[in-house]
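Each of the two complexes below includes chain A, the first together with chain B, the second together with chain C.
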Partner chain A sequence: MTHPSSGEVIAKPAPSGLGRLLDHRVLLSIAVLAILPWLLPSKALAVNVLIYGVVVMGYNLLFGYTGLLSFGQAAFFGAGAYFTGIAIGRYGVPWFAAVAIAVGLSTCLAAVIGIISTRTRGIYFSMVTLALAQLVYYVALQASSFTGGENGLRGFTVDRISLFGHQVNFLDPVNKYYVLMAFAALAMWFQSRILNSPFGAVIEAIRENEQRARACGYDVERSKLVVFMLSGAISSLGGCMLALHLSIVPLDILHYQTSGMIVMMVLLGGARSFFGPFVGAASFLILEDVISLWTPHWQIFVGAIFVLFVLFLPKGIWGTLLDVLGIGKARR
Partner chain B sequence: MPKSGSTPKVTRRTALAGLSASAALLAMPRLGRAADETIRIGFPTPLTGPFAAEARDQVKCAELAVKLVNDKGGIGGRKVELLVRDDKLNAGEAATRTLELIEKDKVHAVVGALSSAVQLAVNEVTRARGVIYVSISQSDTINEAKDFSKYTFHEALNPHMTTAAVARQTLKKGMKVAHLVADYAYGHEMLRGFKRAQAAIGADNVGEILHPFGAADYSTFMPRLMSMRPDVLCISNFGRDQANAIKQAVDFGVKQQMKIVVPVILHNQRLAVGPDVFEGVVGGANYYWGLEAQSKSAASFNAAFKAANGGAIPTDYGAYGYSGVGSLLAAMQVADGTDTDKVVDALEKLQYDLTKSPQHYRKCDHQSVQSVLVLESKKKSAMAGDNDLFAILANDTGSDDMLRSCSELGHAT
Partner chain C sequence: MDLSLIIMQLLSGIALGAVLVITALGLTIVFGMLGVVNFAHGALFMIGAYAGLYLASLTGSFWWGLLLAPILIGAFGMLIEFVLIRRLYGRSIDDPLLLTFGLSYVLVEGVRIVFGSDGIPFPTPPQLIGVLDLGIGFFPRYRLFVIVLVAVVLLALWLTLEKTRVGLIVRAGARDPTIMQVLGVDIGRVWLAIFGLGVGLAALGGVLAGPMRSVNPEMGSLVLAEAFVVTVIGGLGSIVGAVVAGLMVGISISLVALFAPEMATIVMFALMAVVLLIRPQGLFGVRGRTA
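For the complex of A and B:
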């Protein structure tokens, strides 16, 4: 891959106090996530925010930073979950190794889907990713001896884990949250590292102007494929976390509605911002959780709120907030 | 903290400390809710989605079961509370809601769910945490050893016993049978049940067509089904799908050629579509209010439901809500509290007759052994009133012989 030496060229605005704080975006994000279970109505909801936050963060790399609108992210979310569940339940792999295997296999899946889909652009890219993700859905539906088919994958409950020589009760919601948060922290560090690298500048260059990036000598096709795989890898880690959290993998996880929900979450939180995906996931899930306790017609409210955001806050909650605080683009 | 007192600057560290302190303060009241005496029953059910009508009936009946116990002073002086949650007919959502019910609301048991996949998800969560779960939706899988646990109880009928009872009433040796099946676990299990019953009776299978779950348009399937020239068409789907499929089959003139049979004939769907469309359709049921003519318990269940719901009558899936919660509360009465092992023991020994006739949970798989009704939808001129929907063709008394044997299900015998 061609390495640009122009990572430093983007002019950064003079750092304000708040801006300087955002230099430590990973640490700050972890700090916020660390207190999340005590702020939300339930621990199960907090874990879901973590999981969807990681999935949407991976998707943001593709959509927000590279500008590729995929409608098939559920394939990697689901693949991570299924591979984790199958590795633990069917082959008796230890949970930690299962997560590593699942992320590896899902990245391979992302490579295959990426090779096919990144050849297309615009609406065709969206459609091809959607179609390929549906293919994954039907494979999972039909291969019911492996996946449990429509009934979902079951029988791989992880109830105790061994951490640095200590036995930890993984059914305890607080323990579970902080173990899974470590995975989320790892994913955040990884993504921050990608964005800060020269490669991060390349993908943003592709988003801004693909022709110009090509003219500058960057291998656009290969960069797109690599970012597709990285995005798939991070989202699949979210899937692994879901499998460990729920101890089931529902078939719906691979449904295109899940892909649509991921797109909604990133738009709600703010594409192109580092912490936006977590804000998006949290606000979507809280809205759903809280409103559906009041009324079975929660979808009307969530839909209306989403439309209002698209119309009036196209940068999402977090993007708009950063704009209001006057924090520069490069520091998100 | 700043060491010199000159400039009181808020550092990142103090800001973070302050933030966590205030968060901890907010969380305080949640820590204090421990030992209130109420018995809490979690009730996840799909209040939104294509099974919403059936789910609402389940909630009403479950609330009635709780109310009747509370009116008599509760269980050992403790009031019972039903915590209803919308699972959106989604297994992941149901698992999350069940986790919330167990971890946050500290429920003593869970009853509910209205789909094969969803009940298995709830069961996976409850059995790992040693919480009793009474499922009130049809499934064969939940009886099998792989998904069973000592905390798992299945109050609903299962596809095997339902299809066998319906097939006995409708199929004869040498008949040709075609199937229209919803392409998900419920449909597949019903199809498997029908085929097994067909084979025992000696009826021939002439073809089967799968349709997507939640399909609105069945017009492409009907000509294909009619070209198979069957004597009986079995439509194995649920909720709104049942009404849509039967309505379109009738539009195509299917009924002139063959008899329509469904594994479970739904009170609400018959009401939604009307008597002309359903006329002559035969299906199984766990409950029909008209049983009150033959059963005292049905009469008193109907009366209690009418009193609580402004004269309305209870429906089939509603009755599951009543007997599921009712049997659990009866076992808690026997166990005199919520101690899980004692309640499990009491449920295993319980003989209960809440809605129709005596029932009990079979020891090996905790399947409720109960009677199965076979109903035929009445034609409009034969209806005595708006609620006189069905004629009872058969009322098969519950027995272990109706179920697959414990060894077939993989249980140690």
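For the complex of A and C:
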């Protein structure tokens, strides 16, 4: 497989054992996630890593691979959660159908925001996505009869689910983790397919040089819109998972601080790498957990650490690690 | 609903817009010169409000707070440019944005540690308490003062940029920094000063907004979104655009609040969406740079 994306020629080095292993990035990632609840101090933390990992992975498609720095990804994360909750709580839709409906509707929302925001470039795009996501926040705040306004959305507890004829107790943290992991696995497979497709090469070409991609005959505007929608769809699945997990949807999920947190996670882990988002989500959440043990002001440390990453480690933890191990771009 | 009520609401909108203009101006000037969008702008606005409040209570006079807070916070802004942002010139255009976003976390949490998480009331200066009879209705003296002060600051800024040697260097530097360096201008110092000016304007906006809004650590996040909307509508880097769009947004928020209060926070985003669909570069923006 060749990537026409990066300027340099990608020489496939003699595949070391580790490098060859990374060819199966989806299976490898699933394997790591499968043992995660036993690596982390609590099952709740593991579920959060799973959820935020999916959200950040969807965002990485936009920021890491296409180079579009959006500050509005919370809109889709939140939309997925709200639509799931409303479908189950208000309309009594079965949980799996609610997830499908929520992802569909969130993708429509991504299409609307994408049509407006992909008309702009560079820094403008960041500002416009932030503003439009704030619009979604205020709409959710005002439409309190649907969303519960400031109190968040409540009243749609999913306690047991029927899975191929089996009744599964969804309140058990281990059961919950593995059901949600199935969604994460689906999202990872989907993302990997996108990245390996010709379309995946086109979006990387746009990141490297937009004008050249246009000159090559690619429809840059449409590709940006499509990737914006795909990214929104994957992130909204994370929102669905959050709604199933928490049984409430806090309004804060739509705030731009959440978008900012997603940006921080992708940078901590490493943009443009397949597993980086999960590393980023895990490090951010562990950091938050550990620091808030001895001070309520954990944000000051997380902010400072993020500033240091931007200055000195822009490739993030996972990206830098892959660099050190000498694993080439094609295998990430 | 009579006409005088609408006119009074219009005046309120101009006062609201005046604060937006000052804040968005700081953002747009820094972008125009340095090509940097400062995501900590809202946090610095909030710190300006706190600094104004603190200095006012320290000196016993609102006027010292109004004068000193923008200068002090502006100097702090220069420190930020010198220590952090300067390292990122020549790197990806996204990097200063990400860095200032992380910085806003630090600043907001820092204020929470020093002043607590709860809002603090910002007393209106005694000389400006009460209302003034305009013939058609009563208007708060303080808001009238805000409108006049912002007009004076805008005039001073315009005269400096258009009529002085310093302004000439600044305008030329925005157009082509390399040529300016060849001509012997220390462009680094110009950038330092401009970043300080932008942050100082954010702080001034914060102090002015203090008596109109409640002062709390989160006040910056709404302001940041508002300032973004204003600069996007006006056109990033355009000073005239910031003024026109700021007033436009302030007036529409006020007027919509009169007829449909629940829509007041939403209207400016809708306005921005419409402008983007018709003119992606903003009302006074130059095509090619951003859209």
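Basically, the second predicted complex is superposed on the first by the 318 of 332 C-alpha atoms of A that agree within 3 Å, B and C clash if a C-alpha of one lies under 4 Å from a C-alpha of the other, contacts with A are read in each partner's own complex, and residues count from 1 in each chain.
Here, a residue touches a chain if its C-beta (ideal position, glycine included) is under 8 Å from a C-beta of that chain, and two chains touch if they have at least 3 such contacts.
Model, not experiment: these values are computed from the prediction.
After superposition on chain A, the partners chain B and chain C collide with one another.
In the overlay built on the shared chain, the residue A:A31 is in contact with chain B alone; chain C does not reach it.
Contacts of A:P173 after superposition: chain B is touched, whereas chain C is not reached.
Contacts of A:A97 after superposition: neither chain B nor chain C is touched.
In the superposed model, A:Q299 lies in contact with both chain B and chain C. In the superposition on chain A, contact of A:D252 is made with chain B only, not with chain C. When the shared chain is aligned, chain C comes close enough to touch A:L130, but chain B does not. When both complexes are overlaid on chain A, the residue A:L325 reaches neither chain B nor chain C. When the shared chain is aligned, no partner comes close enough to touch A:L163: not chain B, not chain C. Within the superposed three-chain model, A:N151 lies in touch with chain B and out of touch with chain C [touch as defined at top]. In the superposed three-chain arrangement, chain C is struck by just one stretch of chain B from 113-121, 149-157, 239-247 or 275-283, namely 239-247. The intersection of chain A residues touching chain B with those touching chain C, taken from the two complexes, comprises 297, 299.
Put simply, chain C touches chain A in their complex at residues 31, 37, 84, 87-88, 91, 93-95, 97-99, 101-106, 108-110, 112-113, 221, 224-225, 228-229, 231-232, 236, 262-263, 265-266, 269-270, 272-273, 276-277, 280, 289-291. Residues of chain A that touch chain C in their complex: 69, 116-117, 119-124, 126-128, 130-132, 134-135, 138-139, 141-142, 255-257, 260, 263-264, 267, 297, 299-300, 302-304, 306-307, 309-311, 314.
Interface residues of chain A facing chain B in the complex, by the touch rule stated above, are 21, 31, 34-35, 38-39, 41-45, 48, 149-152, 154-155, 157, 159, 171, 173, 242, 246-248, 250-253, 292-293, 296-299.
Across the interface of their complex, chain A is touched by residues 12, 16, 19-20, 23-24, 26-27, 47-48, 52, 85-86, 88, 90-92, 95-97, 99-100, 103-104, 116-117, 120-121, 124-125, 128-129, 141, 146-147, 184-185, 188 of chain B.
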